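You will see two complexes here that share chain A, one where it goes with chain B and one where it goes with chain C.
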Partner chain A sequence: MFDYGAIYPEIILILFAVAIPALHLLLKSSRALAGISLVGVAASAGMVVYYLLNGYPGMIGSENSPLIVFDALAAVFSLVFLSVAFVAILASARYVENDRHLAEYFTLILMATAGMMLVASAQDLLTIYIGIEIASMATYALVAFRKRDKRGSEAAVKYVIIGGLSSALSLYGISLLFGVTGTTSLVGINEALAAQGIDLATILSVGLLIAGFGFKIAIAPFHMWAPDVYEGAPTPVSAFLAAASKKMGLVVMFKVFIVGLIAIKADWDIVVGVVAILTMTIGNVIALSQTNIKRMLAYSSIAQAGYMLMALPLATVVGDFAITAGIFHIITHAFMKSGAFIVVAALAYVAIGESVADYKGLAKRAPFMAFSMAIFMFALAGIPPLSGFMSKVVLLSASVQAAEITQWMLWLGVALVLNSALSLYYYVRVIKYMYVEKGESTAKIKVPVSLTVAIAVCMVATIVLGLFFDPVLDLCSEAARTLFPAMA
Partner chain B sequence: MAFAEYAWLIPIFPLIAFVVIGFLGNRLFKKWEGGAPVAILMTAISLVLALAVAFEALTTGDGTPFVQSLEWLVVQSGEFNFTFNMGIYIDNLSALMLIVVAFISTLVVIYSLGYMHEEGEKKRRYYAVISLFISVMLGLVLASNFLQMFIFWELVGLCSYLLIGFWNTRPSAASAAKKAFLVTRIGDIMFMIGLFVFFIGFQGNLDYTHIFNNVDAFVGGDALLTFGTLMIFGGAIGKSAQFPLHDWLPDAMEGPTTVSALIHAATMVKAGVYLVARSYPVMVETPDTMLFIAFIGGFTALFAATMALNNTNIKRVLAYSTVSQLGYMFLALGAGGYIYYYHADFNVGYAAGTFHLMNHAFFKALLFLSAGAVIHAAHTEDMRLMGGLSKKLKITSLVMLIGCISIAGIPPFSGFWSKDLVLEAAFEGIQYNGLFILLYAFGLITAFLTAFYMFRLWFLTFAGKPRDQHTYDHAHEAPKVMWVPLAILAVLAFGSGFAFLMGFESVLVPGLEGFVPHEASAVDLLVAVFTNILTYASILAAVLGIGLAYLVYYKGTINPAVFTATPARKAMSNVLLARYGFTKAYDWFGLKVIYGISKVVDFIDRRIIDGLINGISAGLIRAGGFLRRGQTGFVQSYAAVIVAGVSLIVILLFYVGGVI
Partner chain C sequence: MIPIEYFLALSGILFVIGALGVLTKKNAIVVLMSVEVMLNAANINFVAFSAFYGSLNGAIFALVSIAIAAAEVAVGLAIIMNLYKTRDTISLNKINLLRW
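Right after this comes the complex of A and B.
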């Protein structure tokens, strides 16, 4: 079976991505190009929503070894990636306006998004790998976009090198798994493993896959590139990496481990649990001593990735409920984290530094910026009634449920709670600087409208998802169930 | 029931005044007497509604209360379900309270227009808080369950704190406010414990209707019920300033006189009496509690009266007299309940307590507001600097005289009727417990002392020659807006006692089984009162008190110095002035005992708990700094960490998989 419908959303994006450099010859304005990119994103999202409402298209591949299936999971993640892309493009319009290569910038974002969406609907290790590589190549270039900026170039080089290493590790893992099971289809792998059990090569490949995909998610100890890259990259790109690229890694983990490796869950659940706890703790502890906001946000992303990864071991016990929680946290985090990064970007645009101390007295100078940043910080820390609180609550309840069957899983919940308490310190510190400390300057700050809109979108989503979460949770639940065909 | 449907609006109107004055229109109210017109209008509306509701309840009701409630908090946990309601409960008792509270509040707010005129910008705060005060007191009266009552009870405490400390720049006012708040808080805690007992004993339902109809279904036995009612009365001891928590009330005189009038006549202290009267159907099941209430009441009546004997501050004398009169009310309520327990038939105790509550509200409001007019005129509260003011303050001196006669208990003024009933109730108790002989004696002596110190007050203030020429020269009659409320109150202080002849006894019954008042015409009642020897005893006590005051402070036949002539008498007088050392005892208790405990708790909190937390957080931040150093910025080391990480994970996987 080969239904192009399964990749229409990606095709739309790629068409726009290809058209934009050509249009740049006609249109010089960055706003116009950003507008066209936004139209592309919206069109693709429209396609996804169409599928959501009117049923999903057919698959690419055969029933026994599907390659690409556009299902609820793919739809939800595509929407996450598209929204983040939308916000990032909005925020970038002014950022790149004087750059000769601004058309390529938008092309790259659209390309990266298409790659991520491909991953979300991929059902085979190879299609997953191709999707990851499409997204990676584009993001490497995006990080390096400011060629003359030393920090940016250094970050890009690190990103490429570590990215290459990780790519190699995951490819090695994939080939080992292929060697053991004779297939790259996730369903097929699971069936084979269920039949033949586990051996050394399988275990080795699981380790390599955790490392390879873990690089994208930036889980400890594969996180070290993230702060450097987030700090050096153009800030909208950092937002894109933290809020979208990271989520791609997670959807891969969910797919590979739940669909492909569930047969040997007893062999990896505790290890992934340990990695999750390690990740959240390391992220939060290092974030405590950061003074650069972008680095602080980077470490906070690492910690948040730990929370999301928690869903994976929990899913081995409570099934789709845990994945629902994970996806919900992924969605809420996408908005609060990209919102926070874009506030930083907006302030950088008007020459406010990236150090926490530069935010002194911000509440007086830019009340909306300070207020929205406060909302994002509170949401990230998990203060009710914001979205970050709700999604953590769902994760926690998944952990408590799982603990009734597998006791050690309570520790995941305990770690979540303790880490949340710990993280409050550095989140609230930003608010303290903005609201309590007096700044040297009291001049009002005027932020470009496009950035304000991008921030407002994220803020509204952050607040609304905390209050009216039911429809979104239902959608997450529907997406999660696709990973558990027996239950669907 | 037509008006009762809207009874919930009664506390709402003053609340609106509070919100409007407190939060809106700063500029507007600078011109408008700080929002006084709004406060007056809203309390007046609430008064009209309260009168309508009360009239309806008193005339048309058949004794069954009108109840309306909303579910507020529903808890269902399988074994133990409970629901808290918010509602209104109107019976004859709350109707009476509604009249008293709304009426006196309205007069006080009108009077404030003159009394607080010179306060400038502070007026806005005054009118805002006093509106809230009135609102929450009305809410307390209308509450339909004990929890709701407790909420308003606490709010009343808060408002009294804010108003007693109205002149917050005066240290004495600030500390008096704190004292009032903290001392009544002891009572509040007891009230709360009582609530817990009720909550458990009555299976999680604190509605009056539920509790009053299911007193026998109390779970936990008589001892627990006695404990619970004792604790509830503990709340009343604090709020109504009974021994030994009485000492905050004299200090509370630091607030504006209007506030004192409100606290003493209508709100705050009356809440305690109302609480006991309200919980009567439960209280009467516990004779020990009733005896205790009667004893505390009788003792406090005498105890407080003695302290009023030689005080020279006009407001403090009135404050002690309030404590003493409240004692009377508790004496009557306690005696009535005690008698009922052994003899489930009609007795006057309950009617006497509530009747005295009403009469006292009128004459005490009159006395305080008159004292306010005197202070307004003389600019001092010290009676030693007054004297001869009746020439200058004709109206004030006249209405205050009416108040004094009334509180002294000379027929046919209102105080006579209710005091007589109180003493009758105590006397009746003698049949059931010998202790009542003592309590009756206390009551009778108090009647004598009350008459004495009230007339001492009047003579010192208005009669004789001016003792301070300067004060005298500057004194002037109060403006109309002040003396008109006084005149209205004077009429009531004289006449509210006639309610007795109109059948007060049969209207205000506690709703107990077998408690049926005798049908009696006004003539029957008059005959009953004036053929009773006790009546003449109490009249005699009052006349003797007035006579002694007349001889000492008007005629000068007896020199006041004889009271302090010998060292023993001097020492006694000093003890009274030092309030039996209670002020010192409170301070000692607060400073040594409570502060000592606080220091220990503070040490544990700051050094041990905070120290632990700070230690952990400092450690974590240091750990962050340390881990951060691992982030070298060299991509080679990152790659090395990744390789090490993969190896570790694989080893862990092997370990879990049981391979190694």
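Right after this comes the complex of A and C.
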């Protein structure tokens, strides 16, 4: 079957992405270009919602080896990527207005989003690889966007080299997996592995895949690049990377390991579990000593990636419930982390530094900024009734459920709780600086409207997802079930 | 026909050479070249297995990955050139503004 409907959302984005540089010749203002990009994102999201309500389009590829299938999982992740792109573009409209090559900036964000959405609907290692590379290459250029910025150019070089290494590792892993099974279709790989069992080449390829995708998600011990890149990149791009690009890596992990490698789950579940615990612990411990707020947020998103990765070993026992929890945490984290980064961007726009100490007395100078930052910090730490609390509760209950069958899985839950307690210190420190300490200046700060709107969107989502989570959780559960065809 | 083990040995050696290059070299362009060697090691695997199984899947994957690698080098070199313009160096141990 060959139904182009499966990639209409991506096609819409790419049409807009291609049109924007041409339109830049007519429209000089960054606000107009941002507006057009937002229309593109909204149109694509409209297409996704249409599929969500009226049934999904046909697949690309054959029944035995599908290439692209737009299912519930793809729809949920597409909406996550699109909403992050939406707030990132909204926040960028004023942030980049004095830069050259404005049109390219918006084109690259749309291209990256299209690549991520392609990954979310891919069912074959070939399409997954293409999607990852589309998204990666666009984000390399986005990180380097401020060409004269010394830190930006350094961050871009580190990112491009680590990104290349990560592609090389995962590509070699894919090639070995192809050699062992004779196919690149995820379903086919699983069938072949179930039939022939595991050998040295399979173990090697699984290791390479964990390392390759691990670099993309920035899980320990492959996380060293992330703080440097998030600090050096333009702040809306950091938000985009932390909230969207990282989630792309996670959806790849979910797909490859649950659909493709579930037959050999006994050989990878404990490895991924240990990596998840290591990631959340390292991320939180190093975040404690950070004074630059972007670096602190970067380490915090490393830790959060550890929480999301927890879902993978849990899923080998409790199946779709664990993945539901993982997806829900991915959604809530997308909003709270991009919100926090955009607050930093908004304050940087009005010349407030990126050091935590620069936020002293902010509550008096910019009440809305300080309040929304406090909400994001509390949500990231997991304080009820915010969304970050709910998603951690679901993850925790998945781990308790899994522990009834496989005992060591309880340690994942214990690590989650201990780490949340640990992380409270550095999240609350920001709030203390904003609300308790007195700053040198008390002059009011005026933040541009577009940035305020972007922050408000994230804040509303963070609060609403914590209170009315049932419909979202149902959607996550529908998405998670597509990974387990036997149960659907 | 050449046995498949020969191809695997070749690609394994290339992959290790590339990985060592990435880990030890300090010049950004040499590191990028090492990454390319690793990618090409994977391509050899794809083509060899493709012939081994008598299916075109692997060969197609290799073609796609060659195209992607070319694009990646273009982006990478542009970024390295930009580094040279702002910092007058492409040595990876001299770029240390960002660290904890």
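Note that the second predicted complex is superposed on the first by the 488 of 488 C-alpha atoms of A that agree within 3 Å, B and C clash if a C-alpha of one lies under 4 Å from a C-alpha of the other, contacts with A are read in each partner's own complex, and residues count from 1 in each chain.
What we mean here is this: a contact is a pair of C-beta atoms (placed from the backbone, for glycine too) under 8 Å apart; a residue touches a chain by one contact, two chains touch by 3 or more.
Note that this is a predicted model, so its numbers are computed, not measured.
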item	value
Contacts of A:V436 with chain B and chain C, given as first, second, both or neither	neither
Which superposed partner A:D228 touches (first chain B, second chain C, both, neither)	both
First, second, both or neither for A:E133, with chain B first and chain C second	second
First, second, both or neither for A:L171, with chain B first and chain C second	second
Which of chain B and chain C A:G182 touches, first, second, both or neither	second
Touched partner set for A:A357, first chain B, second chain C, both or neither	neither
Which superposed partner A:R151 touches (first chain B, second chain C, both, neither)	second
Touching partner for A:Y425 - first (chain B), second (chain C), both, neither	first
Partner chain(s) touched by A:I405 [first = chain B, second = chain C, both, neither]	neither
Residues of chain A at both interfaces, chain B in one complex, chain C in the other	157-158, 161, 165, 169, 227-228, 286, 289-290
Chain B partner contacts - residues on chain A that touch it in the complex	157-158, 161-162, 165-166, 169, 198, 200, 203-204, 206-208, 210-211, 215, 220-222, 224-225, 227-228, 266-268, 270-271, 274-275, 282, 285-290, 422, 425
Chain C-facing residues of chain A, complex	125-126, 129-130, 133, 136-137, 140-141, 144, 147-151, 153-158, 160-161, 164-165, 167-169, 171-172, 174-176, 178-179, 182-184, 227-228, 231-232, 286, 289-290, 295
Chain A partner contacts - residues on chain C that touch it in the complex	8, 11, 15, 18, 22, 28, 31-32, 35, 38-39, 41-43, 45-46, 48-49, 52-53, 55, 57-58, 60-61, 64-65, 68, 71-72, 75-76, 78-80, 82-83, 85-87, 92, 95, 97-100
Interface residues, chain B side, partner chain A - complex	617, 620-621, 623-625, 627-628, 630-631, 633, 635, 637-639, 641-642, 644-646, 648-650, 652-654, 656-657, 659
